[in-house]
């Protein structure tokens, strides 16, 4: 672990000489140009917020593109349930050097909720993915450690945050 | 003050005269031994009480003040009553005999130490009688040897509890004490070199003109640090570090078994304080240059020991805890060289003195 | 950094022990289970298991009206209840399209900063007790009582303040507040400076903390932490500066950074941030405008238009975000809480690998995570 | 402290000898014992939520429970009082029961705050266990969200009154209960 990071730091040190990537709304233009059929419905509702829909199959290259362009902080991964047929995974990506937060939404079918894991790109995606998995039942392909995080292990499979969850309010 | 001295001398005279004429001196020792153990027990109580009140003062708290008047004097009695009436549990996967034996071994080591501690030197008809259970000419070595028995007690507790926290604490204790018994021993040797004797009585007598804390200040510092480690008080309380190992080697102990184990520690601390007052602070010799002001020597020993105890509590209030590897570092790399240096110093001074 | 550092991959070898710290353990306020695989005193692998006080807040919030949620946001993290109120109200104000009054903005900054001070004081206190420095813990909590009294004078509560409202705040300042606050804060400033001096000069403390649990800037970014642990590595990332909200762009303050990224720096950042917060509060009390502290008509029954908002502020622990989706009814469709302590808790196991058992307490407490918010 | 131990039967030795108890009952010793117990209530450091913060505050300088002889202890073996100071979840309940079993008799349990007493704001959540008084023999309820430190101190004083009126009973353990 230590050696690896020493390397990282050296890489960072040399990278500082290169002009730092721009953290502003132009990234959205670049994003929709790079991924012509992967990113759509781009909107900037507030000065520091941008929203877009993405193709769930191309989530990994899109995120890699954002990471390369300075969006180095995955803020949050949330699941949203839209019965009867859809589920959404919302990624909030931001940067340690600017205020812009990009919300990327990927719609996936509710009866087969699967999407690629981001653990290779953002290290801290792991717990968010585990949380979304246990609460919604969304399966993240290739997530290295996909099992319950917050719930007791016997509650795996109940998916409590889905809208049709029967265990709320608590019957006991 | 004079009247007290008279009464004290009269009682001691009577005891020694009465029993020595019957040639049953062992009984004197027995009585003195009982009294001394009782006294040190009382001293341990005082230390626990001081710990709660004086430490409370340091931490801007009040400390116990509800039972036994506004100073909470009966607080420890209440604690003891509660501990005595708790249920007695031996955990299922504990090693029963080690678990039961550990506090006993720890406390026994304390009792054995008390046997050679002189509290005063009585001069009756030209003969000198040390007010101690037993006098021997290697008493300081004996003290050092039996004090190390307590390490076995703690390791027995750590191993026998069947708990991982206890086990880690036991390991830590061994690792720590291997490093700290050495400087402790070397410092004791340098004191003995300066006094030309291994007998505590002779060591104290050698301090009638100048205390050893003045003659070898470095020795005092080394001894004090090693003693803190020996009795396991902050910054050397890795064996019961609350935030890491719950309660360390005593994690699985409850009720009076825990009470005994807890008390054994304080017993050691009190004995340690008395030893410091004897071998560095002049013992019953009173103050340097002033003498003992016709106050019985036992009083001086107790007062000095209480000061040492308060110093220990003060250190506890003022310092964080060290890590176990740092503790070993300090022991091997700092204290032992310093103790060696002190030995050289005390040899030179001791030879010149002679 | 691979994912194997966040979990225990294999059963312990004969020379290793699996040590479970928790769920009941005096390490931190709040239950969690930290599994350590140790060899001697060295940690080989660490795994953090959370969820012991998972309350299911996000589900409960979907079943509450917007104004009912407001007092519940206090309970997300009880040490940052004002920040949580504030981030929720800011999100709702975006959804409802209203703007808080000027005086309310200043009052919110005031309570947020007071909240930051008391949280940092308790955080440092917890930390010092974890390195065995009980006295400093007691001093810190003693000083915290003064700040809690100041908050209590405004909000009427010691811990869960429930102070911010949509477009305003709940109460105005009590009379004579400024003098009281300046007196308490002046004393606190002196005390914090003296504690800082004490902690920076105590050799045993320095031995325990310097060079322990080091995070470099790139590591910290990779692990996704924010707040004091990140600023201790030298990254000047503070949402009050990056994305100024309320009136922070009118106020003069420095973003506190340290360069070492070790345990000592994290605590130092918190200590200096207390002083900086006191400076902010003094400005706020000077510049406080008169005027209404709440809207003329408070929007108690709210049905925001369908839409969504992600609002975030600088919590005492880092970036606190809330993602609210409205479907036009009086209850939120989805309510997502992105807590800062969740991110720092996730970053804990990689930091622990290779350190000693005794450092676990120091490192865990220096990250100052709040179990209630981790679990939600 | 191994996780696997949860399944093991707790094989504990009881020292409830009826002769001792009869003697204690028939003498002023009972009063002495109660006096000792009530003035030496050590509670387990076990903060679980908002109330945990007040629990911390009450133990130190400003409210100093040490005045009453009330101290925090980290190990359940040495504690007399367990405070449930927050929500008990389905995940936490087994551990909590185990900690309660590890404490030695006589022991008391205090419910601190609305969450522990009735469920508080989260009573209907999927993750939580309510009706804690059916699971633990609760002695004292301290309402509040969270209760102020003064209320917590008052709870301790009420517990002291309760202990003062307590009579030890002769308990013959049912062999089936202790798994012999």
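By written order: A, B, C and D. Residues from 1 in each chain.
As a convention for this text, contacts are C-beta pairs under 8 Å (C-beta built on N, C-alpha and C of every residue); 3 or more make two chains touch, one makes a residue touch a chain.
All values reported here derive from a predicted model rather than from experimental measurement.
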{"item": "Topological distance between chain B and chain D, in contact steps", "value": "1"}
{"item": "Of all other chains, the one whose Cα centre sits farthest from chain D", "value": "A"}
{"item": "Distance between the centres, which are taken as Cα means, of chain C and chain A, whole angstrom", "value": "23"}
{"item": "Euclidean distance of C-alpha centroids - chain C vs chain D, Å", "value": "30"}
{"item": "Length of the line joining the C-alpha centres of chain A and chain B, rounded to whole Å", "value": "62"}
{"item": "Geometric centre distance via CA averages, chain C-chain B, whole Å", "value": "45"}
{"item": "Per-residue overlap in chain A, given as positions that touch at least 2 other chains", "value": "150-152, 160, 165, 168-169"}
{"item": "Touching two or more other chains - residue numbers and ranges from chain B", "value": "59-61, 164-165, 242-243, 246"}
{"item": "Per-residue overlap in chain C, given as positions that touch at least 2 other chains", "value": "19-20, 25-26, 51, 54, 56, 59, 63, 138-139, 142"}
{"item": "Interchain pairs in contact, sorted by label", "value": "A-C, A-D, B-C, B-D, C-D"}
{"item": "Of all residues in chain C, those that touch chain B in their complex", "value": "17, 19-20, 25-27, 40-41, 128-136, 138-139, 142, 202, 204-205, 207-208, 356-361, 365"}
{"item": "Parts of chain D lying in touch with chain A, wherever the complex brings them together", "value": "89-91, 123-131"}
{"item": "Chain A residues within the chain D interface of the complex", "value": "150-152, 155, 158, 160, 165, 167-170, 172"}
{"item": "Residue ranges of chain C in contact with chain A within the complex", "value": "1, 3, 5-7, 50-51, 54, 56, 58-59, 63, 94, 216-219, 221-224, 226, 230, 235, 237, 239, 242-243, 307-310, 312, 319, 321, 323, 325, 333-334, 336, 338, 342-343, 346-347, 350, 353-354, 375-376"}
{"item": "Interfacial residue positions of chain B with respect to chain C in the complex", "value": "58-61, 164-165, 167-168, 171-172, 234-235, 237-238, 241-246, 317-326"}
